[in-house]
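Each chain carries a letter (A, B, C, D, E and F) given by its place in the written order, and its residues are counted from 1.
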Amino acid sequence: MLIGVSVVFVFLILLVIITKLLSYVVLRYFPEKEKPAARPPAATAGKQDAEIAAAIAAAAAYTKR
Amino acid sequence: MNIGSAFQEFWNSTGIVNFTWGQFIMIIVGLIMIYLAIAKKYEPLLLVTIGFGAILANIPVAEISGPDGFLGIFYTMGIANGLFPLLIFMGVGAMTDFGPMLANPKTLLLGAAAQVGIFAALLGALVLDMLPWISFSLSDAASIGIIGGADGPTAIYVTSQLSIHLLGPIAVAAYSYMSLVPIIQPPIIRAFTTKKERMIKMEQLRHVTQLEKILFPIAALALCIILLPTATPLIGALMFGNLARECGVVERISNTLQNALINIVTIFLGLAVGSRMEAASFLSFETLGILALGLAAFAIGTMTGILLAKIMNKVSRESINPIIGAAGVSAVPMAARVASKVGQEENPQNFLLMHAMGPNVAGVLGSAVAAGVLLAVVPIMMGG
Amino acid sequence: MNIGSAFQEFWNSTGIVNFTWGQFIMIIVGLIMIYLAIAKKYEPLLLVTIGFGAILANIPVAEISGPDGFLGIFYTMGIANGLFPLLIFMGVGAMTDFGPMLANPKTLLLGAAAQVGIFAALLGALVLDMLPWISFSLSDAASIGIIGGADGPTAIYVTSQLSIHLLGPIAVAAYSYMSLVPIIQPPIIRAFTTKKERMIKMEQLRHVTQLEKILFPIAALALCIILLPTATPLIGALMFGNLARECGVVERISNTLQNALINIVTIFLGLAVGSRMEAASFLSFETLGILALGLAAFAIGTMTGILLAKIMNKVSRESINPIIGAAGVSAVPMAARVASKVGQEENPQNFLLMHAMGPNVAGVLGSAVAAGVLLAVVPIMMGG
Amino acid sequence: MNIGSAFQEFWNSTGIVNFTWGQFIMIIVGLIMIYLAIAKKYEPLLLVTIGFGAILANIPVAEISGPDGFLGIFYTMGIANGLFPLLIFMGVGAMTDFGPMLANPKTLLLGAAAQVGIFAALLGALVLDMLPWISFSLSDAASIGIIGGADGPTAIYVTSQLSIHLLGPIAVAAYSYMSLVPIIQPPIIRAFTTKKERMIKMEQLRHVTQLEKILFPIAALALCIILLPTATPLIGALMFGNLARECGVVERISNTLQNALINIVTIFLGLAVGSRMEAASFLSFETLGILALGLAAFAIGTMTGILLAKIMNKVSRESINPIIGAAGVSAVPMAARVASKVGQEENPQNFLLMHAMGPNVAGVLGSAVAAGVLLAVVPIMMGG
Amino acid sequence: MLIGVSVVFVFLILLVIITKLLSYVVLRYFPEKEKPAARPPAATAGKQDAEIAAAIAAAAAYTKR
Amino acid sequence: MLIGVSVVFVFLILLVIITKLLSYVVLRYFPEKEKPAARPPAATAGKQDAEIAAAIAAAAAYTKR
């Protein structure tokens, strides 16, 4: 049943070739648009700190009264 | 009719009176399958349903697997006509990520190499046919060979088209060996690879774009249409599911294929396959032969997959760990996991899972292609 | 053909011209069922679908319940061959926790006692057959009796096997009385128990291990295979679902049985059962007889369940509140809830729900067993 | 048979050798449908499945759409007998909120006006029949006309009853034009309305009570039973789903109709419809005629809807923006969205969506009623 | 095919009439019970403020120690 | 139809016996392994208090500045 194995190989070798071709064409002519990289939420931490500071300041002010 | 004779008749309708030894043995076989499914977690979705179906099919008097019994209805509904395995294949397609394979298309060849087991078992079946107490036709041999594809739906589909009387033992052999992959493959992998080979590290796979993933199922189907139309029901169903998964506009269909539909079909398919395990046809030398040939097919496929991977490692620019060749038999995703595990035993820093997924899904394609070859050639040769 | 006569023909095809009184009455009956379902929440899943099916089946000209109509297709698909009730039973099995029954296996006997109603109604049907304007064969009588099992799928399954021409009224009677359990049972419970009995407190149930829950469906099926193979389609479907629930390795199957599959089948089954409520066959003295016998069967089953519970309370070491005997008719979980509620009316600190669940699920088994007896004996007696 | 001739035979079974031009063209058509679905998001659930079905149906040798192929099985299961479109209609009913229509019942008339397109296309088909190279019977003409209903399931149901050999092109035309509504309708709207009319604001809709929503499906079905029994399968399925949605006691059924069931049926229906796009029957002048008539029906229906809305705006106390008349063709919910968008282009503060939903769902009723008329009259006229 | 269009119109005109009648009857004889309007959780804010105040007071007390 | 009721009773009596036997065997020879009782997360509360205390201390320090 050498035929059988041969056909399977021929088929999958052709599929390898087609797949490579396909990837080549896609990557060359239809590259994926760069997704805008999600900015690290850098500001958040600072803002939070500021809020905590404000709260503490308020507490302090309240305390001093 | 008086009460006495009615009671006599009732007694004659009980299970005790009507049991045959064969039925008793088959019920035990069903219980063992359920035990293995629960205690060892071997392919539980299939072994629980097939095992329960086997029990129900061997109940005396009730004829649950007869044409009017409910298992017989499932059988007519989707096994005899090949529908259920194709529906399962749609679900498999919707669950399969061809990304790792697309990132490294060479691994498709490993999925081809592992199909050698199919044709070896086919030849083995023809040899066994020479024994006086075993009889296999060419189409029987082809159906037996496909066990080596390590893919349940493919095995059931081919058998339903070529040798439906062998459906019980072939399906059982296919799912049993698929569940035994973690036991069968590691020794073979170790026997055919050196420690140094097993420690080979592979480069990280590149990112695959969505467009490639959308176009691949169409390209593969196109090739199949041109070269091997007999494989298009299987490859078509698989690629329909995969296109639904990747195209991003039919979430409802993709989810349904992966959940409601495949689950319902699995229940019906498992019970109906179990219903073919009737004592009269199952307890025979042929079944023993099928089990032996199925095991041989698995072992040979594992071996040829590894050997091709070794050759590719030598000739290829990039290094290829030969272990991943074993995953080419399909048995998704178990074989890939086994490859990954064997690799980490040698080198805990070696992560082969994604690399093994390539040959693993390629094995699904490979066995579907082999199925197409058999469906094309066998009827011609038997008719000629 | 000119416009005038075409218009004449069109007019002749309208509902106004073709209506019969019987169809009109049956549409009203369908509307009442839907009203009760919505306004009183009586078994809404079934009464809405059956009621709507009854309306559609009685539309003149359209022939929706004929062999080419869509209700007729549902009917052929799963009622005539008994498939849908078995699929429902798989779902019921996957939803049933046999734990409370396993913790106190004696309660199984209450599930047996309540089936006396089945056989009483069967005898009653044979008595009614003597009336000149009512005609019931033995198999009709058996199908009518099974209404007393208080279990819709069992009633539909038995009727589809023995007396399919009575499917409409029997299914309607079964589901109607099941929905009326909160009205039918309390007065019977109060009539056959003393206030002191109703205040009996029961010991807390012990913990049941997972292994017991896994082995029980297999053991029950084994007994059924040996003694009563004719009950194995019902018990087998129930226990398949229950094993899927308890074994812990096939979540997908258990969920599918409890949701997608049972819901889809409920829709098809309800509409198809409703389609059997065609005026020509439904509006007859036989239907009145069936409704009366069904009610009697419910009442008698409730009574015998309570009486056995009283006896068990006397002879048993542990105390048993006789109220829970009423739950033995099945009608899960309504009958158990009713028992619990009647108990709390006497003693707000008395929590009987879990104790009543034992006889309640035992009642499902009991009526399936009784169904098996009828399916085994009736064909013999009619043939003899 | 030697290897050489076996290989020859195998070669003869490949796609290359057996391809016909027609099959090749139809596969390209299928690919275009899939492309439009993915790239333009035109009715993707249907165009992906129909397109894929068209590809599979035109594979040489494999006979996937033949009676034993899996697409052929889907076709027999639910297209030939009209089951699938009715199941889809149940789901549509369960997803439809008739509230906006109940708040302003006059808009029902717009759903009637837009059906003029149906009868115009029917006449057009009879005219085209006079061409020597096109042949349409009266029932063909009726099936073609129903494309103007802009409702896929209705079109498939009518065609399955009257002219099943035209199912492929009619279904394709129906779903294609439904998906092209955002392109077809706006210029027609602008051509038949003045800027001032398009800026008309409408009063906010009143709150509709649950009881009204529960009673409406029953009342509509009752009217249909009396006047037009041939429409009751469609209207009955729609109203069953809608009652399940609104009655509030059968969540399980409502959810199943809207999800698991409609999704599974959509997959089967889409593939099976695609399987009717075989080259031999699809590539003909008749198909071109059908596509042209379908487009005309859409355009005419849009126009007549708008014109009636203009008239109503003149005679009615409350002001009516004529744009919402265009939504009367159905194509839910696309046509309503288009109406809303065109309205906001003139006046960003003008929110017409809810107002357009009234005629939009009325259009579903309107085309189902028109379908009933055709199913009643056409067989009479052809028989007479 | 005037018949066809006429029947569709007759049908939907009758449906308009029936629907209006139905709404009239329902709204007149079976009006929807007024759902008790969900009270705005006015108290919550105050309570939370009080808790914060308590926390700050505690902090202040702790600080003074 | 005494037969019928008898068979139902015989069946369920046998099922009672089998069930009891089964439970006896399971509980005697395959008892469920004790699941390690989930410890109450006693430490957490203390830790949280400590954190709060630290925060308050920091606030106090900040205030004093």
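Basically, a residue touches a chain if its C-beta (ideal position, glycine included) is under 8 Å from a C-beta of that chain, and two chains touch if they have at least 3 such contacts.
Since the structure is predicted, the reported quantities are computational estimates derived from the model, not experimental observations.
Q: Could you report, rounded to a multiple of 5°, the rotation needed to superpose subunit C's C-alpha atoms on subunit D?
A: 120
Q: Suppose chain centres are the mean of their C-alpha atoms. Which chain sits farthest from subunit A?
A: Result for max centroid distance from subunit A is chain C.
Q: If you list every residue number at the subunit B and subunit D contact, are more than half found on both copies (same) or fewer than half (different)?
A: Mostly different residues form this interface, as fewer than half of the numbers used are common to both chains.
Q: Quick one: which chain's Cα centre is the longest way from subunit E's?
A: Of all chains, B has its centre farthest from that of subunit E.
Q: Which whole number of Å gives the spacing of the CA centres of subunit A and subunit B?
A: 35
Q: With chain centres defined as C-alpha means, what is the inter-centre distance between subunit B and subunit C in Å?
A: 40
Q: Between subunit D and subunit F, what's the gap in Å when you average each chain's C-alpha atoms?
A: The computed centroid separation for subunit D versus subunit F comes out at 55 Å.
Q: Spell out, as numbers or ranges, the residues of subunit C touching 2 or more other chains.
A: Within subunit C, residues 6, 10, 227-228, 260, 377 contact more than one other chain.
Q: Where in subunit F do residues touch at least two different other chains?
A: Counting only residues that touch two or more other chains, subunit F contributes 3, 7, 59, 63.
Q: Over in the complex, which subunit C residues touch subunit D? Could you list them?
A: These residues of subunit C touch subunit D: 1, 5-6, 9-10, 13-16, 18, 27, 31, 34, 37-38, 41, 44-45, 48-49, 52, 55-56, 59-62, 64, 68-70, 73, 259-260, 263-264, 266-267, 271.
Q: Could you pull out which subunit D residues touch subunit C in their complex?
A: My answer: residues 81-83, 86, 90, 214, 218, 221, 225-230, 232-233, 236-237, 240, 243-244, 247-250, 252-253, 255-257, 260-261, 376-377, 380-381, 384.
Q: Over in the complex, which subunit D residues touch subunit E? Could you list them?
A: Touch residues, subunit D against subunit E: 102, 105-106, 108-109, 111-112, 115-116, 118-119, 122-123, 208-212, 215-216, 219-220, 223-224, 227-228, 362, 365-366, 369-370, 373-374, 377.
Q: Quick one: which bits of subunit A touch subunit B in the complex? Just the residue numbers, please.
A: Residue list for subunit A touching subunit B: 1-5, 7-16, 18-20, 22-23, 26-27, 30-32.
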